[in-house]
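First subunit A sits with subunit B, and in the next complex the same chain sits with subunit C.
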Partner chain A sequence: MSAAIDSHRDTHATEGTGRPTRFRVFRYKQGDRAPHFDEFSVEVAEETTVLDALISIRNRQDPTLILRHSCYHASCGTCGLRVNDQEVMACVTKVADLKSAVVKVEPIANQTLVADLVTDMVDFYARFNAIGRSLIQNSDWLPEAGRPPGVETYRRFENCIECGLCLSACPIVASDPRYLGPAALAAAWRAIEEPRGLDPEAVLQLTDDAQGSWRCHAAFECSEACPANVDPAGKIMLVRRRLAADHLRSIFGGRHS
Partner chain B sequence: MSDQTADRSRVERPDEGASRRRRGVIGWADPRGRRLGGWAFILNRLTGLGILLYLFMHLVVLSLLARGPSAWDGFVSIALSPVFLSFDIVLIFGLLLHGLNGIRVTLVGFGLVVDRQKAIFVALMVVGALALIVAALRIIEVG
Partner chain C sequence: MDQARVAPHVVIVGGGGSGGAVAHDLVLRGLKVTLVERGELTSGTTGRHHGLLHSGARYAVKDRESAVECIEENRILRRIAPDSFELNDGLFVAITEEDEAYEPLFFESCLASEIPARRVSREEALRLEPNLNPALRCAVQVPDGTMDAMRMPLRFFATAKRNGATIRPFTEAVAMTIVQSPSGRCVTGVSVQDHSNGRHYEIGADLVVNATGPWGEKIARLAGVDVPVQPSPGILVAVRGRFCNMVINRLHQSGDGDIVVPQRELSVIGTSSWVTDDPDHLAVPADHVEMMFREGSLMIPAIRSAQTRATWSAARPLIGERGASTGRELSRTFKCFDHAEGEGVEGFVTISGGKATTLRAMAEATANVVCKKLGVDSPCRTREYPLLPHTAYYA
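Entry: the complex of A and B
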């Protein structure tokens, strides 16, 4: 099924009818001493996405190119890449919109490579576990589970599609691997805001240290990169506001909220 | 709530050589592809380091006072040279950028006006640019 879909998508990068565009594609296989870039030329039409072009490269030029994708509409979060130095979902990024003679394609940064454009997402998911917010809550899926007043439906991390682009764009994650990072802190804020059985004070405490919410340096690159409008930086600042208010209350003898 | 214990050992995995693609300090300073907030972050770091360097240079200069009037007067004559005065303009640029962006970072860092952070940065930088022009004109007058 996947091969059939890929074949269909490949028609968006059609030989003989499009504009030739050069792609510099990051390559790495397990055991390589260092990564390198390979160059490919793909004829792209107005609607061709970066993912279409990569699939075309794999189908027509180099079957060893390894990439990951699934839904084709920025919902599954699997085709996040760095394209021309910016984090994007390849499936909804049109090559024509890049207005670039050479398109540089790399895997997302700050994570462990599997091969070529694929990274291991274990680091990313581990951050959610580290704040006690497991990736999928049972209450999201059990039909008999009740809903708190005012909550019409459960969503997984609300809008987060777990693509890892925020972790790739964050300059602090680049140098501090122990920083919890934008996605997990945004999830922490959701747990504080709407605990769903978690202890919000315990989650808040987990964000209150040098590798938690205070490690953010307000570059807002995570919010810029986020394809699902989670606004992780904004959520981190909400966590901080709550922590600052609690600390001020404790300094002046008041109770924590 | 034992399942909510912070377990940072699960965040970082052992280094795996070439397959580890952490950008390191380059990730701070690389301006390619960065947006306004990213530029604010980079400039804040660079000006912060510059101001730190200036602080040490300032202390060295002040130590000249302990060596008597001739040492100090000699430095003052150098300090009034056009080249030195142009460094003063660079210093004021750094102080204004770092200090004014610091206002933004402080406000945003406490969860205030977060959704206006870009507009605040632009507004503060306009104020900074005007202040820099005034300061530069005054310095040039002295020169």
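Entry: the complex of A and C
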């Protein structure tokens, strides 16, 4: 570290704070007979996150530990983990806030394990890609704001960060891997609400299935786990309401609108 | 390329934006490509960057070369990677008298760099962005944009993979195979450890590209060469709430905490600059975080009381002399080092410097060097080649 920075207190420090925390970290390498937990001790500061601690373990204690991470502000969705049995984004989960002497860290559930804390996102995207929703949404977040020349409509990224925490938390996905699941159903609602070139009727049809929106038991665990205010359970209810209305219309109105 | 010959095999070390873009470029030119990355893709500097699609305006006054490169690449990326950007444009706002005095030079420099810039009055700026500091004097609109720092680069990996590149994350380069010949040393392969199964093995290569950004010096050392790459971290602060639609920059000579990038339900304030020797352990200094709030709220006063979502640091890979104290005076233009020149090590090329907006151009320059060294005569195709969506990477 350069002299220029020595005088500045590192709010995310992982050594030299005199405040050690124990981490029980899930370990598994392909070919192992069974997974196990390894214990590490990491000193933490007031802002040190679970991700900072795990990176510190990788860099200072065990270079073979692997985990997914990228943006450090819960926008990329890669560092979703189960910490003390809760689905969280490791990068915005402060160790101090957990208030536990031992922090248990495991990969997210209901997805194929690669090794250690890494899961394969192929299952997640197989569901998600079926919907075909665009990453970009049209929205005027500031209704009072004007638009400059050259910007026809403000567009912004969808809130869903594709982290898979909702799939991990969902009790139905755990028992029925064919269930479309909360992330894809929430994406379906967004495509129905704002089609962006998709055919909303085709998307609705995908959700109108025993493995689609009707499979949800409304446990709302997904909305609890969602780090990005997507509220998948709420969106699933909206999809159902729309499907129910369409069914009624097809019975009484004779024709889809 | 001579079709009868077996395509040369290039191993790229580093799974950030530049590694991905080099892989994409080289497979399109018919080469066999393997990319190894010790962690997840984009887990170094790439994913942690601000998420700014540069118009080049930030460099227009002091670094014309970077500015021109940015606006060119900005246009290319909008074309080859549609739907990766919020396309919200940027507004440079003059707050102080000094800022206002700087405006004519700034505006003229944008135009001279062929950046479409438009003068915006105080009244219009406040109408466009009601949360701006009402004390602002004037503003300039430029084609900046918000990018997804992970998903945009991931499109290069997705496309490279579909076209035949082998992408191996969680595979760490631990040694280089070096053959001593009468004409000098030559890198002929990379020894890796696959952290998903603990296996050690060697990957033979006709050429190795070191695309590890601020880790460039560490990887170059495995090949016994030295590259003048200085990790230069900066702080970033994400607060809850979108306070602007456009990217808001302070209209002044680039300084600390002078840009706010809106993204999803967040506003990201950046950045600062210092130098370090170890890109693995980046501090998040309390006084730098405070500075982001102080400087950011000069442009958007509501930032002062906004709730923090995350604070983190990202290390720029700057090329230049060691010992510089702030990192700001080092060039931001990328460089491609052929280590045969000067150091006499064949088969080893380092790409470093640059920024996310210019990743394609960095890759083109690197691939040109690689192809020339390998005797491959095949033009770059990445300017026009549409990239697959990021989701295709997981197909």
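Here is the rule we go by: the second predicted complex is superposed on the first by the 213 of 257 C-alpha atoms of A that agree within 3 Å, B and C clash if a C-alpha of one lies under 4 Å from a C-alpha of the other, contacts with A are read in each partner's own complex, and residues count from 1 in each chain.
We take it that contacts are C-beta pairs under 8 Å (C-beta built on N, C-alpha and C of every residue); 3 or more make two chains touch, one makes a residue touch a chain.
Everything quoted here is computed from the prediction, not taken from an experiment.
Chemist: So, does A:R241 touch the first partner subunit B, the second partner subunit C, both, or neither?
Modeler: After superposition on chain A, A:R241 lies in contact with subunit B alone.
Chemist: Between subunit B and subunit C, which makes contact with more of the residues in subunit A?
Modeler: Counted on subunit A, the partner with more touching residues turns out to be C.
Chemist: For A:A202 in the superposed arrangement: first (subunit B), second (subunit C), both or neither?
Modeler: So A:A202 only meets subunit B here.
Chemist: State whether A:Q30 touches subunit B only (first), subunit C only (second), both chains, or neither.
Modeler: both
Chemist: Kindly classify A:V105 by the partners it touches after superposition: subunit B alone (first), subunit C alone (second), both, or neither?
Modeler: Touch status of A:V105: no partner.
Chemist: Name the contact category of A:T78: first (subunit B only), second (subunit C only), both, or neither.
Modeler: In the superposition, A:T78 touches subunit C alone.
Chemist: According to the stated criteria, A:A218 is in contact with first (subunit B), second (subunit C), both, or neither; which is it?
Modeler: first
Chemist: If you stack the two complexes on chain A, which partner ends up touching A:V122: first (subunit B), second (subunit C), both, or neither?
Modeler: It touches subunit B and subunit C both.
Chemist: Just subunit B (first), just subunit C (second), both, or neither: which does A:C91 touch?
Modeler: second
Chemist: For subunit A, which residues belong to both interfaces, subunit B and subunit C?
Modeler: In subunit A, positions 30, 114, 122, 129 sit in both the subunit B and subunit C interfaces.
Chemist: Over in the complex, which subunit A residues touch subunit B? Could you list them?
Modeler: Within the complex, subunit A touches subunit B at residues 28, 30, 32-35, 82, 84-86, 107, 109-114, 119, 122-123, 126-127, 129-132, 171, 173-175, 177-178, 180, 198-199, 202-203, 206, 211, 217-221, 223-224, 233-234, 237-238, 240-242, 244.
Chemist: Which residues of subunit B touch subunit A in the complex?
Modeler: Listed in rising order, the residues of subunit B that touch subunit A are 1, 3-8, 10-13, 16, 18-28, 30, 32-38, 40-42, 44, 104-105, 108-112, 114-115, 117-118.
Chemist: How about subunit C: which of its residues touch subunit A in the complex?
Modeler: 39-43, 46-48, 51, 83-84, 86-89, 91, 116, 118, 120, 124, 127-131, 141, 143, 146, 148-151, 170, 172, 193, 195-198, 236, 238, 242, 244-246, 262-266, 268, 274-278, 280-281, 283-289, 309-312, 314, 325-326, 389-391, 394-395
Chemist: Inside the complex, what are the residues of subunit A that reach subunit C?
Modeler: 1-2, 4-5, 8-14, 29-31, 47, 55-56, 59, 63-76, 78, 91-92, 114-116, 118, 121-122, 124-125, 128-129, 134-136, 140-142, 144-151, 154-159, 161, 228-229
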